[in-house]
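One chain, chain A, appears in both complexes that follow, with chain B as partner in the first and chain C in the second.
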Partner chain A sequence: MQNLITGLILLIFTISLYVIYFRKDRSKVKKSIEKSKKIFVQNSVRLFAIFLIISLLDKFLSKEAVGNFLLKFSGLKGILLGDIVGAIMMGPIASGYPIAKYLFDHGAEVGLVSAFLLSWVMIGIIAIPVELKELGKKFTITRNILAFFSIIIISLIMEAIL
Partner chain B sequence: MKEKYISFLKEYILEIVILLIAIILIIFNPQKAYLGISNAFTTYLNLFLVILSVAFLTGFISEVVPKETIKKIIGKESGWKGILLGAILGTLMVGPAYVFYPFFREMINKGARINVIVTTISAWAIKVPWIPFAITLLGVKYVLFLNSLVFIYAIFSGFIVEYFVIHSKEEKA
Partner chain C sequence: MKKIYKEALTYILIGLAIWFLIFIFFPSKGLEVGRVAYNTFVQAVKIVIAVFLFIGLLQVWLSSETLSKIMGKEAGWAKYVISSTVPIFIGGSLFSIFPLLSALLEKGASLGAILTFITAWSGKAPLIPLEIHFLGLHFTILRTIMVIPMALIIGVVGELILEA
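And then the complex of A and B:
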């Protein structure tokens, strides 16, 4: 639902841009439509592949199995593993929160759950090739390493204040 | 003709590998694999409007919007205003951030500041439309604390990543 609403807002915004500019310069708008079509096809192939691997991973690794694995750990080790598992397991945020709840309900520490939840949304090993291709090596490496360590720090702070 | 094949392979190597994995999984466990594939279609349809809009926004910015405009709004001179704009945009968006990566590249090509783009991606972890759902599952205190910390991280991350990207000249982002 949230995705549909965001999509609709974005679409209306995009169409308005095209309509407004169409009066100013027809040929440029036509050119950008041509280019956009190509981008759309390329992005669709790329994204569908990612969705496919995520969905397959999701079906072959049950939430309970992941949860029960993480529940064995605590302290800094738990935070570190939450961070790593969250980065490997990637998926829509809508399924990240229920896993976090499952972990809390079974007595996991705040730090571990935070690390898992944050790396679930911030780092995705599966998306790294796309990031490399689009945004460059330096960008991708620095951003992901920074995210990885910041998640540990944020999780430690969460553990301390809650 | 041969060159065409090679460039196609280079472009879509990752997708081909994923397809092969999918085929292997289908052989191993057709039922689960089928569920996974149909899930992938659902996800795509769910995000269809976002993916479509992002493509047409990217094309529009690349062909129509002048560099100066982008520079003014989220370029170097935009300063804190640009960073804040990026952070707010990131928190409001839902859907995976990587859907927007090609769009971000076009923005950087057009003069957007790397700091702003990084801040936007980092702030993506805060999903304002999902906050009510998160609160019902995890509680107000937890969700608010976590998101505030992520917001602070988002601002810092922009400066840090920008510093590293700019101080290594060999590669253009």
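And then the complex of A and C:
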């Protein structure tokens, strides 16, 4: 639901930008739509295939299975594993919150849960091919490694504060 | 354009092939998977369309000079201020954000700004109400705030590494 609303707001925002610019210069707007169409066709089908894979994993990796696996660990090891498992998990982060709640309810540490959630959003193993294609090898490697380690540091800080 | 359609077709076929295999081995799960895939797609499609329309607009209207002034190398600290806060409010998934980043890069944004941008984007402000509902106020606020220093550090350090 949340996603639907955000999507709608973004869509309205962009369309109104188009309307504003349409008054200024028609040919440029046409060019914009041409470009968007190309990117959209290129990506949306790829997206649908990826969503299919995501939902496959969603069905086969149940909330309890992931939760129970992570609950075996604590401390720095827990944070590390939360980081790694979060990178493997995919799909909208909204489906990660129930897992995080399950972890909290069963006594997991703050560090583990925050590492899990942060790396779910920031690192996606399934997204790496797309990242490589759009942004290049050097960028992808640097970004993912930096993200991995800064997630560990932030999780340690959150563990200390909360 | 023809090449693009061809590539798209390949992806559809791979996806359908995987789905077909699932149907053979786990018929009940096959239906379930289709349903979840459809829901995910419907939820994401608006953001995807909006982001791509936005990219098209960026590419035609925003001149390289203007963007360089905002997010380029010469922009100094201003680029970090903008790229560590604005993206928090954009939703969507990694897949819709990468094309936006590459469009910004092409227009002359600096690598550090891009790294900061994508890290800050993981702050996910649109989902905050949901996160509070599941995980509580303290956790949510702290996690969201922590994203900003993290984005700045990754941006600055990453630019040093990538430019070396």
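Definition applied: the second predicted complex is superposed on the first by the 162 of 162 C-alpha atoms of A that agree within 3 Å, B and C clash if a C-alpha of one lies under 4 Å from a C-alpha of the other, contacts with A are read in each partner's own complex, and residues count from 1 in each chain.
In this text, a contact is a pair of C-beta atoms (placed from the backbone, for glycine too) under 8 Å apart; a residue touches a chain by one contact, two chains touch by 3 or more.
Bear in mind that the values here come from a model prediction, so they are computed numbers and not experimental data.
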item: Chain A as common anchor, with chain B and chain C clashing or fitting; value: clash
item: A:Phe40 touches, of chain B and chain C: first, second, both or neither?; value: both
item: Partner chain in contact with A:Thr14 - chain B first, chain C second, else both or neither; value: both
item: A:Lys137 touches, of chain B and chain C: first, second, both or neither?; value: first
item: Touching partner for A:Ile152 - first (chain B), second (chain C), both, neither; value: neither
item: First (chain B), second (chain C), both or neither touched by A:Pro129; value: first
item: Touching partner for A:Ala87 - first (chain B), second (chain C), both, neither; value: neither
item: Chain B and chain C footprints on chain A, overlapping residues; value: 2-8, 10-11, 13-14, 17-18, 21, 28-29, 31-37, 39-40, 42-56, 58-60, 92-94, 97-98, 100-101, 104, 110, 114, 117-118, 121-122, 124, 127, 130-131, 134-135, 138-139, 142-143, 146-147, 150, 154, 157-158, 161-162
item: Contact footprint of chain A on chain C as seen in their complex; value: 1, 4-5, 7-9, 11-12, 14-15, 18-19, 22, 29, 32-34, 36-37, 40-41, 43-57, 59-61, 90-91, 93-96, 98-99, 101-102, 105, 111, 114-115, 118-119, 122, 124, 126-127, 129-131, 133-135, 138-139, 142-143, 146, 150, 153-154, 157-158, 161-162
item: Residues of chain B defined as touching chain A within the complex; value: 12, 14-15, 18-19, 21-22, 25, 29, 32-33, 35-37, 39-40, 43-44, 46-60, 62-64, 93-99, 101-102, 104-105, 108, 114, 117-118, 121-122, 124-125, 127, 129-130, 133-134, 137-138, 141-142, 145-146, 149-150, 153, 156-157, 160-161, 164-165, 168, 171-173
item: Contact footprint of chain B on chain A as seen in their complex; value: 2-8, 10-11, 13-14, 17-18, 21, 25, 28-29, 31-37, 39-40, 42-60, 92-94, 97-98, 100-101, 104, 110, 114, 117-118, 121-122, 124, 127, 129-131, 134-139, 142-143, 146-147, 150, 154, 157-158, 161-162
item: Contact footprint of chain C on chain A as seen in their complex; value: 2-8, 10-11, 13-15, 17-18, 21, 28-29, 31-56, 58-60, 91-94, 97-98, 100-101, 104, 110, 113-114, 117-118, 121-122, 124, 127, 130-131, 134-135, 138-139, 142-143, 146-147, 150-151, 154, 157-158, 161-162
